[in-house]
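Note sheet for the following structure.
Chain nomenclature is as follows: A, B and C, assigned in order of appearance, with residue numbering initiated at 1 for each chain independently.
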Amino acid sequence: MRAPSSGDTALGEVLLAVEDVSLSFGGVRALTAVSFDIRKGEIRAIIGPNGAGKTSMLNVVNGFYQPQSGRITFKGEARNSMRPYAAARGGIARTFQNLALFRGMTTLDNILAGRSLKMRRGFFWQVIRHGPALTEEVEHRRRVEEIIDFLEIAAIRKIPVGRLPYGLQKRVELGRALAMEPDLLLLDEPMAGMNLEEKEDMSRFIIDVNQQYGTTIALIEHDMGVVMDLSDRVVVLDYGRKIADAVPDEVKKDENVIRAYLGQPHGVSA
Amino acid sequence: MLYREVGQYKTSYAADMAVFPILQDRIGIGVILLVAFVVIPLTGNDFLLNAVLIPFLIFSLAAIGLNLLTGYTGLLSLGTGAFMGVGAYACLKLTTYFPQVNIIVWILASGFFSAAVGVLFGLPSLRIKGFYLAVATLAAQFFLEWCFIRIPWLYNYAISGAIEVPKRTLAGIALTGPTATASTRYVVVLGIVVLLTWVASNLVHGRIGRMWMAVRDMDLAAELVGIRLLPTKLLAFAVSSFYCGVAGAMMVFLWYGGAEANVFAIDQSFLILFMVIIGGLGTLIGSFFGAALIYILPIVLRWVPEAFGLPLHPATVEHLQFLILGVLIIVFLVVEPSGLARLWQIGKQKLRVWPFPY
Amino acid sequence: MHLLYQIFVDPFVQMGAAPDLLAQTLWDGLVAGVLYALIALGFVLIFKASGVFNFAQGIMVVFAALTLVGLHEHGVPAFLALGLTIVVMFVLAFGVERLMLRPLVNQSDVILFMATFGLTYILIGLGQLIFGGNPKVMIANELYLPSGEMRFKGLGGFVSFQKIDIAAVIIASLMVAVLAVFFQRTRIGRALRAVADSHQAALSVGISLEQIWVIVWFAAGVVALTTGIMWGARSEVSFSLQIIALKALPVLILGGLTSIPGAIVGGLIIGIGEKLGEFYWGPLLGGGIETWFAYVIALGFLVFRPQGLFGEKIIERI
């Protein structure tokens, strides 16, 4: 979508780092001293059993939750917590496990909403619309249509998203995130509830986004096949702690990971 | 058969994004505007103008204002009446201090005062949501009502306690005051309403409308996409109150010719809320439909018993109006919660494929 | 400087100077607060069990009182009229469930809220058509409610209590106690709480939503009747009572929409706060601040605690 400019982090360098992040809600410890980094241009998977704190981790990165301790370093800037608006401006976009689309709007409008940060024309121009505001709108419409073509959702662009089937809604949400032209894309279970065909489509989209546009991706996913095929590196969380952090092949063989997913062996060899 | 899009291809994004993409719609709007601006002033009688069209237009404008706030941005407001009042009193003070400036300018300017007050009472929306915010707007409503009565400076210390509208002219033609004719006032009101409706349409079809709707649909996700919540909500309060303020100023200066503070009481707020809900939340045309139904209905009800020869006591008629309005509201909500605008949309859909069923 | 003194010092000086007036104001505030709390109680009942914010609660108070007085005017003896009115409230609850709640069962909260607006207008229209629009006198004597006042000498002057006010406070407290026990201890109370929590879960364990709704609207109707009797006995039965019911909204804000103790505490705070405000600070502003003071109090609370004193914290998950 855009060529990397000189001010960006160079390929391979750390784009996002979380250090010693701990998060609790009342008495519940969601995350305990978690540290890992995400390098520019990679696809990083975050996996772990249910309740491990994966979504909480994304929420911290994105600014929905403020951790009690720890630091978040994004594009070289370190801070104690992130705010949603700062995250968006900084170039972080996200999709959600349970979908967070604007149900009252069409597909097109939802994705156009993703262009909000890029639209500059002020109130006065919006009042008269014809002129600079309309020109800007057409320009962004053009970009959004590129995304719509990329995700193959042209046929449903004028349909209110509430009426779309689940799989298509997920694609629209991805489109809205892509419209932000993010440096870091956080995907929370993008394949949830999809059949094999849909998963293959979604996987293809994710790879294309990563390779064509150079977008760094952090991905929460339960389907191990997808994780192993797509990701460059994997972080494994269990009960709020990091228990593994390596390339997929190593993680697959890691004893701690196997134990976390399968539980303790009961006299049957693992 | 007549209402088909066949042959109308859009070759540019701008054409696709037009407000009235279908040619037949554009012709329809043209006809309506022609009738409104030319035919009616020439042929309409005073009753039609004074008792039906002028108030219909004014209420439609107020309904658009409330719709922008409640329908598009999802912020329930029960202070509409008071915001209309702010506009009316602001207009009075402005024209009292600067009588040489044209009254139309002051009517539009009074909207800015309403907008300022609206923003002030919209500040709680940073922390408070939904129903609780509605109660905050009730605070605005009751406080401002109290101000209208207890601050005599507002109504120029008139003994009656009411706004007395002075005569104002434009190029020698009386616009306000007892000598202004119904046709003149109608044309001015129509002009202002058409202009502001055009502006509202521009806003909701563009970036700002999308921001408002995003905040309404899921404000957490809106923040995530880079939409700042407080400025967006405050803008909604400001624009909405502007519209209500202008409507209030027009109501006093171009319709009633004078007003007491109780015109801006809580009943007015509820009335306009009904217009918006029955007309269709989140639509501009719904504001017009709702205003038409809620305002015209009592008039019809007053004439129907006479037309059928049933002599009903006027008090009874009023009680019946309450009853029928209440029943109508519930029936509407059951049958089509999205309001008249949705029924209109469905109607157009059916018309597009007529005479085939689908 | 003088202004600051007027706002922050003088009123308290006045309070100290005439403790009997202070006690009188506090008592008046308490009584008003109790009545606000009763109206708020009706709201909370319905909201807890059906998630509906019943804007018509105020008019239900008026309608119930009107029915009682109207029946008596037509010659029905007082206690029989009372019984018949209770039956009417039950029929009303049944009608509301059948004709309003059931057709709108899956709609959003705003739609249901608007439907109660429609109900309000229906009740106003019906009430006026059947009983006429003029104010009426509550049949306090026929219901053996006390009248007259009790005066106490002390605190540097004297304080007077209207006996009907004392009765109101006692009856209201009894009603609250009965409702609290009903909710906590009985099977139906438990079912009500289940429905308030989740309609679907309640359905899946076999609780009939329709029955529960009729019961709860009937309970709210009885509360409305009690409020109508008490309030009517203190002043008169007229449609202006309905506007006073809007005062219950700040009470609900303070107390939280789902809490019965909250409705009571909120009612007392608003009632007393309002009376104190009007009496000691009102003259500074030219009087008449009772119309909005309660809302400003509530607003102040809302900014610091958006869910009210006792309400459940609104947690948003994404």
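The rule is simple: contacts are C-beta pairs under 8 Å (C-beta built on N, C-alpha and C of every residue); 3 or more make two chains touch, one makes a residue touch a chain.
Keep in mind the model is a prediction, meaning the values are calculated, not measured.
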Greatest separation from subunit A - chain, by CA centre: C
Pair of chains with maximal C-beta contact number: B-C
Using mean Cα positions, find the chain sitting nearest the overall protein centre. B
Taking each chain's mean CA coordinate, subunit B and subunit C are separated, in whole Å, by 33
Where the centres are mean C-alpha positions, what is the separation of subunit A from subunit B, in Å? 42
Taking each chain's centre as the mean of its CA atoms, subunit A sits from subunit C at a distance in Å of 49
Multi-chain touching residues of subunit C, meaning two or more other chains, are 318
Out of subunit A, which residues touch more than one other chain, so two or more? 64, 96, 100
Show the residues in subunit B shared as contacts by 2 or more other chains, in ascending order. 220-221
In the complex of these two chains, what residues of subunit B are touching subunit A? 12-14, 17, 199, 202-203, 205-208, 210-211, 213-214, 216-218, 220-228, 235, 282
Can you list the subunit A residues touching subunit B in their complex? 62, 64, 84-85, 87-89, 93-94, 96, 100-105, 109, 112-114, 116-117, 119, 121, 123, 126-129, 133-134, 137-138, 141-142, 145, 176, 180
Subunit C contact footprint on subunit B (complex, rising order): 76, 124, 127-129, 131-132, 135-136, 138-139, 142-143, 145-146, 149-150, 220-221, 266, 270, 273-274, 277, 281, 315-316, 318-330, 333-334, 337
Under the touch definition given earlier, write down the residues of subunit C that touch subunit B in their complex. 53, 99-100, 103-104, 107-111, 113-115, 117-126, 128-129, 133, 243, 246, 249-250, 253, 257, 285-289, 291-292, 295-296, 298-299, 302-303, 306, 314, 316, 318
